[in-house]
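Across the two complexes that follow, subunit A remains constant while its partner is subunit B and subsequently subunit C.
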Partner chain A sequence: MIEIRNLSLPLGDFSLKDINLTIGDGEYFVILGPTGAGKTVIVECIAGLQRFKRGEIWIGGKNVTGMAPEERGIGYVPQDYALFPFLNVVENIVFGLKEKRCPEKDMRETVGKLSELLGISHLLNRGVTNLSGGEKQRVALARALATSPRILLLDEPLSNLDISTSKYLRLELRRLHEVLGITTVHITHNLVEAEEMADRICILSGGKVEQVGALKDVFFSPRNDVVSDFVGKPNILHCETCNPLGHGLMEASCGGISVILPYEGNDAKKISIFPRYVFIYTGKPPGPELNRFKGIVKSIQPFYSLVRLEVEVGENLLLCEVRKERFEDMDIKIGQEVFLILKLTKLRVYH
Partner chain B sequence: MIKEPTKGSEAWGMVPIVLFLVVWEIASRSQILSVHYFVPPPSAVVEEFYRLTIEGELGVNFLSSLSRVLIGFCAGSLAGLLTGIIMGWNEIAHRTLHPLFSLFYPIPALGWLPLLIIWCGISEVLPIALIFISSFFPILDNTITGIKTVPKNYIKVAETLGASRYKVLTTVILPLALPNIFTGLRLTTGMAWRVIIAAEMVAIPTGIGALLMRAQSLIRIDIIIVCLIILSIMCLAFERFFLFMERRLTGRWSQHV
Partner chain C sequence: MKKSRVLKGIEGEKTFRAATVGALALLVFFFAGIVVSLLTYAKPDILGATLFSREILFAIKLSVVTATVATTISIIIAIPAAYAISRTDFPGKNIVDTILDLPIVISPIALGAALLIFFNTALGQGIESHVTRFVFEVAGIILAQFTVICALAVRLMKSTFDSIDPRYEQVGRTLGCSKMRAFFRVTLPLAKNGLVAAAILTWARAVGEFGATVTLAGATAFKTETLPVAIFLSLATADVEKAVAVIIVLIAISVVALFTLRRISGTGYRI
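Up next, the complex of A and B:
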């Protein structure tokens, strides 16, 4: 278990403010936050790479605050992987084992096991500079795991990869976590990444922990506007009654409107949908009457290249986003009657 | 796309040199130039080179210059490297010594000559001290830059993998600082030859520079050209040696750091 107790750390204009976190044994814990939130600083504090005067770090029931990084039993993969370019793949993997004066036979065994687990056996004698992003990441993981750490710290491990490699490696990381059962702290600014990987997440903003919990708790019950904004300001509809329709569909009654969604069961408590998946029309849209609602525009606010509109539908106030050019074409005014469509496949259920 | 130089392109590079020598030879022998007396043909230069070599005059002077360059350069580089490592790695050492070295670094090597003549006298110590100074500062500066610009993530990873402070320095920082250190060595070695020739011309009675000055006083243009060619070849050879070593040791990865 990792415990961060009352950690405060001023760093120029930025500071970590009274951080308290508990990460369970074998947990996959994601720290999620925008750039500059202090995610890397927290990980560096856990690793012993940052000195601080206020607060304590406990690992496995032991206060490690004053301990050197190598005494903490951690494996660390930084954002750029930091593979030593003057060493080849196998030399990179055994770097930590050599420092620990591990016998040659044990080193060979560890390299064999890890390279097989991570699918890099064919790369062992190659230089690291010409590896692809995904290969580099796997080599960095092997190097971090070679010393059998108790904790794996991953600093934005997927941010330098293309979409498909990143998606594949998310699955790989999750598989690796299941195989090894190692406590993992993964930091990212990507909500999708957090959603696919985390057992629990921590939303960090401006050096402050805003909310900690299972993703669905954070998503459906954001503690404040900061969290809600960060998770994409989802519309949350509270379900009063649920009616299974068969064929994997359910009809939920939420604040005077009836929403059809793909869900088997009758225990839905809340439904959410991101504003970008709420489509707005000035005239009645063609097609079947499914998740289409009439509403009144209550507010209009520009938001970067978008316009955010709040539309009253039944007893709900739904937020939708529309591109500025399209908004200008539609010429919508406050108080105007409009039509909304909720994208069926993007509705999420909290039960 | 930039193409790698091939054997063919290297041979093509020789063409202008050969052409230049041919034109020079013809112009000089046909006395087209009104100053032909001051421009002996390349064949006469080769002849003089042969004579100086056989008589041992060139060898003695060359070895004098070479030994001074080697001793001064090696001592200056080593001192610059060690001081650079200490200053690059230890912030207190850097803060303490940097202002002092910043004050001395801009002084051109030959600017020290009058002072060194007074301090060392006209002796073997003088040119060696001069080359020591001309090598020390650029290598010190490049070593500090090399160490300070090592990306911090490499150091952090090495620390988490169990490397001690000393091991981080020797197994991570110094290898990563090598490209900068080699740049310093490469630039300094050519500088050492230029400085020694200038020093020998001004204050030392032996060496290629001194031979140059004697040739000038006797208006022996052919000997002057021999000396200049030797200077050019030595600068080039030393620079190429360090370029070769740099590519061998860091060429595979240096552009990826």
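Up next, the complex of A and C:
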């Protein structure tokens, strides 16, 4: 278990403010936040790479605050992987084992096991500079895991990869975690990444913990506007009653409107939908009546290249986003009656 | 109207390129002209005889040995000093940085004179009497060369350490290395090209050092006669052929050093 107690650290204009976190044994914990939130600094504090005067770090019931990085039993994969360019793949992997004066036979065994687990057996004698991003990431993981650390720290491990490699490696990381059961702290600014990987997430902003919990808790019950903004300002509808319709669908009554949802055997407590998936029309849109509602525009706010509109539908105030050009074409005014469509496939349900 | 056409668009590109390449060509002709004039001045028979004379062979050997010793000491001191200034923040760092730059900008003859004055103080005379003699001795050549090149070695090594991401060392620490082990197992191998380049440049600078050497160690034939001192002594006795032969030796040494450096540059090091 990792415990961060009252950690405060001023770093020039930025500072970590009274961080308190508890990460359970074997947990996959994701620290999520925008660039400059202080995610890397927290990981560096856990690893012992950043010194601080206020606060404590406990690992496995032991206060490690004053301990050097090499005494903490940490595996660390930095954002750029930092593979040693003067060593080949296998030499990188056994770097930590050599430092521990591990017998040759054990080293070979570890390399064999890890290279098979991570699918890098064919790369062992290659130099590291010409590896692809995904290969580098796997070699860096093998190097970090070779010394059998108690904790694995991953600093934005997927941010330098293309979308398809990143998606594939997300699954690989999750599988690796299931196989090894190692306590993992993964930092990212990517909500999708956090959603796919995390047992629990911590939303960090401006050096401050905003909310900690399972993603669905954070998503459906954001503690404040900072968290809500960071997770995309989803519209949250509270369901009062649910009625299965058959064909895998159900009807939920939410604040005076009936929303059709995919039915998964449980009643829905809350529904969420991102503003970008709430489509707005000035006239009655063509097509089926599914999740189509009439509402009154209550506010209009420019938002970068978009316009955000709050529309009162029943007892709910739904936020929707449209591109500025489309908004100008529609010429919508406050108080005007409009039609909204909630895209069925983008509705998220909290059971 | 005509002027703007020459300075803008494709014509402007051509004009700019011609101006920059012209400046480069002028510089190359200038240096090549100096070397060619030396080579045409040297008579092959006198050049051969002079190069293999006992005095010039002594000067070559003395220059190579003293420069190698001075470079080795400089690099051994420069590595930790440069690392400290590159990776550590401390009060007065800018002042320390400026002091380290002084030997680069101060005239070598002034440095030599300062050393000579130091050995006239009580402490200096104590060192001369009880440790080793420097004034007008071979040890003085090494000290003079060290004084001139050490700051250069620190500067070159600092830029090498500056260019290495500290993240590598941090990863080394999490893999079980102590601070010192991480330095030797991670940072130093990463600095290898920069280290070799710094050694070559400082060695070449030490071989060519004259001002501080002649002031502290004097210009005694067969004793403190390095290659630059040999040129000085030859010119002082109006033996121009001999001076030309020694200059050609110095140029040859520099060319070999620079080509080696260029090979290192090709494998990733830039200065």
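The working rule: the second predicted complex is superposed on the first by the 350 of 351 C-alpha atoms of A that agree within 3 Å, B and C clash if a C-alpha of one lies under 4 Å from a C-alpha of the other, contacts with A are read in each partner's own complex, and residues count from 1 in each chain.
Please note the rule applied: a contact is a pair of C-beta atoms (placed from the backbone, for glycine too) under 8 Å apart; a residue touches a chain by one contact, two chains touch by 3 or more.
This is a predicted model, so every value here is computed, not measured.
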Would you mind checking whether subunit B and subunit C clash or fit side by side on subunit A after the superposition?
clash
Considering only the touch criterion stated at the top, classify A:96 as touching first (subunit B), second (subunit C), both, or neither.
both
For A:127, decide between first (touching subunit B), second (touching subunit C), both and neither.
first
Check whether A:75 is in contact with subunit B, with subunit C, with both or with neither, and answer first, second, both or neither.
both
In the superposed arrangement, does A:49 touch subunit B (first), subunit C (second), both or neither?
both
Output check: A:84 vs subunit B and subunit C. Expected answer is one of first, second, both, neither. What do you get?
both
Superposed model, subunit C segment overlapping subunit B, candidates 1-9, 19-27, 127-135 or 181-189:
181-189
I'd like to check the shared interface: which positions of subunit A are touched by both subunit B and subunit C across the two complexes?
44, 47-49, 68-70, 72, 74-76, 78, 80, 82, 84-86, 95-96, 99-100, 143-144, 147
Quick one: in the complex, what on subunit B touches subunit A?
151, 153-154, 156-164, 167, 171-172, 175-176, 250, 252-254, 256-257
Parts of subunit C lying in touch with subunit A, wherever the complex brings them together:
165, 167-168, 170-179, 181, 185-186, 189-190, 192
Of subunit A, residues touching subunit B in the complex
44, 47-49, 68-70, 72, 74-76, 78-80, 82, 84-86, 95-96, 99-100, 127-129, 143-144, 147
Seen from subunit A, its contact residues with subunit C in the complex are 44, 47-49, 68-70, 72, 74-76, 78, 80, 82, 84-86, 95-96, 99-100, 143-144, 147
